[in-house]
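Each of the next two complexes has chain A plus one other chain: chain B in the first, chain C in the second.
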Partner chain A sequence: MISRGSSSNEQRTLVESQDSSQPKYVKMVFILGVNFPERNLLKASQPSYARSKSLETFFGIGNNGSSRLLSRFNIHPTCRVGELANKQVLDLTAVLSEMKIENDLRREVLNDIKRLKETGTYRGRRHALGLPVRGQRTRTQIKTPVRLNRMERRL
Partner chain B sequence: MASSWCWNCLSRLRQPPQALLPPTPRISTASFHSTALRYAQPAKKKGNSLTVMKHRQSTSLRRKKKKVTATARPPAVGERKAMRKRIVLSNPNALEIEEMQDLSPETMVDSRLRGTVVGLPATMIDQLRAVQAFKPKQGWSLFRRPGTVLRRDTIEMGRLVEKISGEEKGKVVKKIITGMKGSGKTVHLLQAMTMGFLKNWAVITVPDARELVSGDTAYAAIEGTNPTQYVQPGAASALLTRTVAANTELLSSLKISQDHPAFKSLTPKSSLEDLAKLGFHDPAVSWAAFQALWKELTATAPAAGLEKDFQPRPPMLVSVDGLAHWMTDSAYRDVDYKPIHAHDLAFVNHFLSLLKEGDSLKNGGLLLYATSSSNNPNPKDFNVALDQLKARQAGIKPSSPEYPQPAAYTVTDPRVLEMFSKVQSSVELQTLTGLTRDEARGFMEYFARSGLLRESVNDTWVSEKWSLSGGGIIGELEKLGRQVRATAPVSASPAASA
Partner chain C sequence: MFPTRALLGRSVWKGPNIVPIALPRTLPPPPNTPPIRTTKRAATILPNFVGLRFAVHNGKTYVEIQVTEEMVGRKLGEYVATRKRFTYKQSKNK
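Entry: the complex of A and B
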């Protein structure tokens, strides 16, 4: 987590680029403990830009969540990370740090599933058995539950 | 010597079961084919598929996917967009037309030249480029140099511009230009801009209204406004850049005449160009700089203490292309995640308020707001408002049952209808239609004289093309002119035509 009062020099860091087609050093912007390249879009407005998204890389922030965050700080949908003013970066970080995202959210989801298992519900059993939980057919197409639903649920 | 075995007894022995017998050697016989067996292909070894296959393995063919490796370098950042937006104004292969006249203060009002194509003055091309008067998909690249047809509407506009610059100083004419797709609305604006430059007007343009509402440029709320207004610093900066690039001569000759407390660096000696430059160097103050520039350009008298260098301000031409984009919600959202109406954007509001107010351009001028048919969000209420405007001009009263109303049981946008109910008396709706046959003939002759069209342009031929183009819609006529270019001449050699 970054400190609120950090100056602009601390905000923007230079990180060596691994992509040879790009200039060797890419300016990075620090949002909630993660460095994002300045050229990245803040929000992936179209699926084709998905590789350069920034906010949506956080677990728990999707299309809707990122749109709402942007509108809250009057940031336009096609804004790039580098175009943010320092104040906006700080504001975003402050809000993100108060939201239940990333590990907090993961923990919550896992706890919910654990509770289901412990109370012996049908849904809990299905989670533990690696089978679909919400009444889907199991004759075919259950790859995802097989992959994810374990005793120790993956996320 | 006789055997101790009796053959008779031997014959009585039981024959052993077949399985115990050694296999009887096959009697080798000649095969049906005369080719010797050893010449035959060796038999293929049969693979035991049951042992190779795993449990529930798919039997379908699996091919390895080819890995796509990029051989060429990808285009540099912005290169593809630059290609897409490139505007080519000259084609060195096209013939130069002798005696082609330029658009000038004399030719733009000359009704004898109606139907001919006049060139855009070469000295003004850079200015026109600066205000983005040319669009990438127009056919400028076909001809030696850019030129436009003097049609009836053009000459009428020329006369209007002449009047506003001369005898009817201070007059403001407000027009909304509509018309079918390809009817020449954008080129009509271009002609207006050229005339504005010719008459030394201040020309301020919004070449694409969509850019302001599509959410592609930064926005910020103006504090203390109700309903909240939003500025777009990037768009304002771009507007100032355009305005300065196109009107450098004019703006540098005019000196500051009003007080601008927000810009302390300005002195009474500073020109309007200096003022505008403050804005586009710093987007944070660009909107304030534009407002200050507007205040200067619409000033009729100097403020106290600044009388010395005051020169009367010229008339203004304000043009907007793609007006319909401003008649719906924008792609921006407010703090509560509700869509922001386009009218709440300060930039849009400024240009729309010019339609409303009576004396919006204090020094006179022309407001031309064109719709676009190729890029039209088609807002229902705007269409109704235009129909109402048309009905009013035709003399239908709002109380009449024939007066157009929004469809019942639909959600209407009250802001659009309300705005137009206020402006209806001051705004004129101009609908561009097709060229007349004579004008169409002049236009097609231009193709022929440029070497694109190898047909004899006579009345019958022009009449046919005029009908094919939906009654002289100029965009369609241009397409027809291009098509003819592709046909090979009859005298071409067989090898060339093959």
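Entry: the complex of A and C
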């Protein structure tokens, strides 16, 4: 159980909203140490809600991961953060703190790239040069690897 | 979720690409043993290769590599580059 989440039981703090069209105060819910506005959806069911999907803001949890979490705790897919029962929030936080997400996952990916480079593989060399790693053509259109592929790559 | 993700590159029924390579009779090989010359870049590095020296063909010459424990399960050719970096050479006569 993570400590900095501070158990969220009585932690629905009142935070002043920046947006004047919304009600003046927005209730926030703590999940794994991150404050989410209550009106956010846990998981976006439609692309138009994509900006407010709360679970997928964690690095390492995407569409599949959030679906699995929702079905595990019997939460319907259009549930908003504010509609969660306290126990469900606690359960989610507990499971998320066990999973390899956020900085742990970032570190793992970076270590994998570093290991490829240190053992002298072709893939490691391509990462370090900022070129495509998986055999794509390099005659044109290599903007993405040039931007992203580094030894200490941005994730 | 994907239990066979690591094997997606190759059919499971084939298994890893195990190529018969003549390994030295005595292990570890005595010093001054020449490295094992091979052109089989696609050969999977097996656990009993660890510590041996290989001279792997890069299309032109044989490049020596020392097999370490981290290389097990990968291919010999991954450690020997086949491409040369482009460098401009000034030509004298035009």
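Note that in this section the second predicted complex is superposed on the first by the 146 of 155 C-alpha atoms of A that agree within 3 Å, B and C clash if a C-alpha of one lies under 4 Å from a C-alpha of the other, contacts with A are read in each partner's own complex, and residues count from 1 in each chain.
Rule of thumb we're sticking to: a residue touches a chain if its C-beta (ideal position, glycine included) is under 8 Å from a C-beta of that chain, and two chains touch if they have at least 3 such contacts.
Note that this is a predicted model, so its numbers are computed, not measured.
Trainee: For the three-chain model obtained by superposing on chain A, do chain B and chain C clash or fit?
Mentor: fit
Trainee: With chain A's C-alpha centre as vertex, what's the angle to chain B and chain C, nearest 10 degrees?
Mentor: Computed angle, apex chain A: 120 degrees.
Trainee: Is chain A touched at more residues by chain B or by chain C?
Mentor: Per-residue touch count on chain A favours B.
Trainee: Could you say whether A:78 touches chain B, chain C, both of them, or neither, answering first, second, both or neither?
Mentor: first
Trainee: With the two complexes superposed on chain A, say which partner A:122 touches: chain B (first), chain C (second), both, or neither.
Mentor: second
Trainee: Which of the two partners, first being chain B and second being chain C, lies in contact with A:67: first, second, both, or neither?
Mentor: So A:67 only meets chain B here.
Trainee: One more residue to check, A:140. First (chain B), second (chain C), both or neither?
Mentor: Neither chain B nor chain C is touched by A:140.
Trainee: For the superposed model, what is the least distance in angstrom between any CA atom of chain B and any CA atom of chain C?
Mentor: 11
Trainee: Could you give the residue numbers on chain A that contact chain B in one complex and chain C in the other?
Mentor: none
Trainee: Applying the document's contact rule, which stretches of chain C touch chain A when the two form their complex?
Mentor: 1, 65, 68, 70-71, 74, 77-79, 81
Trainee: Okay, in this complex, where on chain B does chain A touch?
Mentor: Touching chain A: residues 73-74, 215-221, 230, 331-337 of chain B.
Trainee: Where on chain A does chain C make contact in their complex?
Mentor: Residues 64, 115, 119-123, 125 of chain A touch chain C in their complex.
Trainee: Which chain A residues qualify as touching chain B in the complex?
Mentor: Those in contact with chain B are residues 21, 67-68, 70-72, 74-79, 83.
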